[in-house]
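Shared between the two complexes below is chain A, which has chain B as its partner in the first and chain C in the second.
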Partner chain A sequence: MHFFSVVRWIAWKDLLSEYRNRENISSMFFFALNVILIFSFSFSLDPDTLKEIMPGIIWVAFGFTAIIGLGKSFLIEVNNDCMEYFQCLPVPKGAIYLGKFLGNLLFMLTVEVVLFPLFVLFFNLEILDQFLPLLLISTVATIGLSALGTLFSALTVQIRAREVMFPILLLPLSVPIFIGAVEATRGALSGDPFSMYRHWIELLGVFDVIFVVVSFWIFEFILDY
Partner chain B sequence: MVATRFIGWLRRYEKWFGITAAVLIAVGLYTALVTSSADYYQGEVVRIMYVHVPFVQTAMFSYFTLFICSIWYLWKREAVVDNACHAAAGLSLFFTAGGLITGSIWGKPTWNAWWVWDPRLTSFAILFLTLIGYLMLRTFLDDKEKGATFCAILAIIGFIDLPIIHFSVEWWRSLHQPLSVSTRGISIASDMMIPLTLMSVGVSILFAYMLMVRTQMLYLEHLLEAKQGRLLSEGAL
Partner chain C sequence: MNAIRGESLSKSFQHYQVLKGVSIEVARGECYALFGPNGAGKTTLLRIFATLHRPSAGSFEIMGMDGRRERTKVRALIYMIGHGSYLYDDLSVKENIQFAIGVRGWNPTDGEIKKALDQVGIGRFARLRSRYLSAGMKKRLSIAKALLIRPKVLFLDEGYASLDERGVEMMNECIRAFTKAGACVLMTTHDRGPTAEVADRVGVLNRSVLREMTVKEMVAADALF
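For the complex of A and B:
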């Protein structure tokens, strides 16, 4: 089978299965909603302070959502005994990784796009004129998060205490992504010109390339078992 | 056979590493604490630098060793290389914790805070957490070979943190002082540079010595487990 066909079919399979049962997206969405609600009544803030801490709140919510959603990415394959089939596929194993990564990326972005209006609603944000930069920041940061999350999901799904180990492994290594995402989001929400926070987006881009390439290369060793 | 030769080599040379490390650290500590002058601004407090900087450098060096051994393991699949990875990870955690503790003690009198969320401190804390994750991952995997592979993967991914730690003081305007030795030259007095170099080299060789001893211990444990497994399968135990 052609390399890109495998990527496309695995991503398509995940999206179709999600469309039919909506398990992953709904749990990610409601979990993030809960986080937003807790934050919204935990802080009663003036607009200036809110602008200062809002990027942190947004990315804590997205980070928790990633833990909930990405952690289960390979669980469904294990439960349905599909890992053996993945191992037998006569294609570079990186194609399977890319397919799962694309599926996860689309889930995450869907949840983020739905959550942004809720941030506007609960925290009275004015982000309409900053919509495009925020979309770019979310996409670039989510690529990195999904790249790491997909890899660690495949890794932790095969061990004991997977629910504990997934965030323990994912969070420290995704700190550079969170730092870049929070700083860029802060710039966008403050209404700074794009050039002032562009370097953070470029930094996120560099991490994305590193994480995707290394994970793609290394994924074969995970599926060997 | 490669493992036996490698272990034999470690056993033959380990004492020379131990003796060299002991001599360098003893001379380094004497020059650092007795003969070198106090800092103009920081006074006697600066002397913690002679322990802090070598610990931090060795923590990064030991993670680099872990990274190289992990690639080597994925390539050759030698059990003894995995033992070296395991040993390097434990030692890296030890030196990282040492670097964080001594840095914190140095930070209190100079920055008036035990901890600040400075880029270098944050990236170093990430290294600490990654190593804890690495060692936890080992305990959660019953299959030794699978555990070795997964840990090697984690170590390779975690390596991204090392350049961030090293260059964080250059990339971000931070509270932590910039590099004293860089391509721009050396910005440290020579009577401080000599004990610092002695301590840095001494602690690095100490790490090499500890790595040699710990790798042998882990390899012997591995052999013992393999032997127990064989005896169990033969019904002798």
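For the complex of A and C:
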């Protein structure tokens, strides 16, 4: 019971801080907006070709937005030595990880929910029929990205070259997530039946479980060195 | 039973040995003041007892529990007021307290929070974001957290730093309240005057030699090290 209360308190603290300063979410949003604008003005393609390349554009925007947002997620804990307070807490450190992960996941999903209408607007996408599958793909892929991003943010926050190290660690391990997300998104945008791309979503789900469980376990050693 | 017992504690950072075979015992209900020159290892010793550093050699117990093996149990009994304020700039004073206590598994009522904040003289700032607090007010807020947490062992790392005269008096009132309730206070300090009012025993740590003396001796001495 106390375990979940810690998770809730940490997610609450992160969301409230972000709501008040909007530092992270605004930089994520404006970066993604730039990506959308650049791609929309670069290509003037027919609808079929657009559907082919659209999954790539969407996940380039989401992926790099994740790097910007998740990389900074533990900076808030370094100010005023809050990491030290976490270290001293008589709770399993995995609860702290899950709290941070939950906060990051909600940030990411919020940004993605705001960005999707912009994709529709700038690329004339017709996704109303595919809204639910796209939401599912987006959520499942973002869980994996947030799980890894939270872990590597904690791992790199104390080092001087964190802005270099964070993407170096995150991107190679995120490859299976991006492959699964792009393939599933392509299926959804092409209007394929759900069963045709369901296996990609299941694959993403498997990676989510692996990344969350392993990160949860490793976090104990990161914080309690 | 001693509240704190450290035996032959050593700690090195890279090639520099900060502590070498230091032993110390502090009883329940006792306030022990640790003096020493900069770099003597006072903070390092406190951080070992607070489970923030692992000793390179030696052992220690907090309330009879092995500090190396039973870290989570030890952490439930201790609280450290260190150089960091452990505050989140975008949360209010009250929210910071709610969070700090909440993650320890207890949700204090508004009345209890107000009482603690009034006790340390910052009750009227409860709704102010902590980024606007001065260093002294942040220290008072840390004391308010300690009052609510009611640890069995309180570590004060330069507890009087940043506090004004009234703040120092208030800190001493809190130390007396803790020791009267049977808690043990281990503090590092450079301020002999206020320390003399609350300390039961004094130790001077210099080059890994801990020289114990009475409070009277400490007050009478021209120089401690």
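Here is the rule we go by: the second predicted complex is superposed on the first by the 223 of 225 C-alpha atoms of A that agree within 3 Å, B and C clash if a C-alpha of one lies under 4 Å from a C-alpha of the other, contacts with A are read in each partner's own complex, and residues count from 1 in each chain.
In this text, contacts are C-beta pairs under 8 Å (C-beta built on N, C-alpha and C of every residue); 3 or more make two chains touch, one makes a residue touch a chain.
Note that the coordinates shown come from a computational prediction; the quantities given were computed from them, not determined experimentally.
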Open item on the list: Taking the superposition on A as described, I'd like to know which of chain B and chain C A:I159 touches: first, second, both or neither.
Closed with: first
TODO: Could you say whether A:L102 touches chain B, chain C, both of them, or neither, answering first, second, both or neither?
DONE: neither
Open item on the list: Looking at A:L125 after the superposition, I want to know if it touches chain B, chain C, both of them or none. Which is it: first, second, both, neither?
Closed with: neither
- [ ] Check whether A:A32 is in contact with chain B, with chain C, with both or with neither, and answer first, second, both or neither.
- [x] neither
Open item on the list: Contact-wise, after the overlay, does A:V214 reach chain B, chain C, both or neither (first, second, both, neither)?
Closed with: first
- [ ] Report for A:D224: first if it touches chain B alone, second if chain C alone, otherwise both or neither.
- [x] both
Open item on the list: On the A-aligned overlay, A:V91 touches which partner chain: chain B = first, chain C = second, or both, or neither?
Closed with: second
- [ ] Pick out the shared contact residues on chain A: the ones touching chain B in one complex and chain C in the other.
- [x] 224
- [ ] Under the touch definition given earlier, write down the residues of chain A that touch chain B in their complex.
- [x] 148, 151, 155, 158-161, 165, 168-169, 171-173, 175-176, 179, 207, 210-211, 214-215, 218, 221-222, 224-225
TODO: Give every residue of chain B touching chain A within the complex, in rising order.
DONE: 74, 122, 126, 129-130, 132-133, 136-137, 140-143, 145-146, 149-150, 152-154, 156-158, 160-161, 164
TODO: Provide the residue numbers of chain A that touch chain C in the complex, in ascending order.
DONE: 2, 5-6, 9-10, 12-13, 16-17, 20-21, 76, 79-82, 84-85, 87-92, 224
TODO: Enumerate the contact residues on chain C facing chain A in the complex.
DONE: 50-52, 71-73, 75-76, 78-80, 82-91, 95, 99-100, 102-105, 129
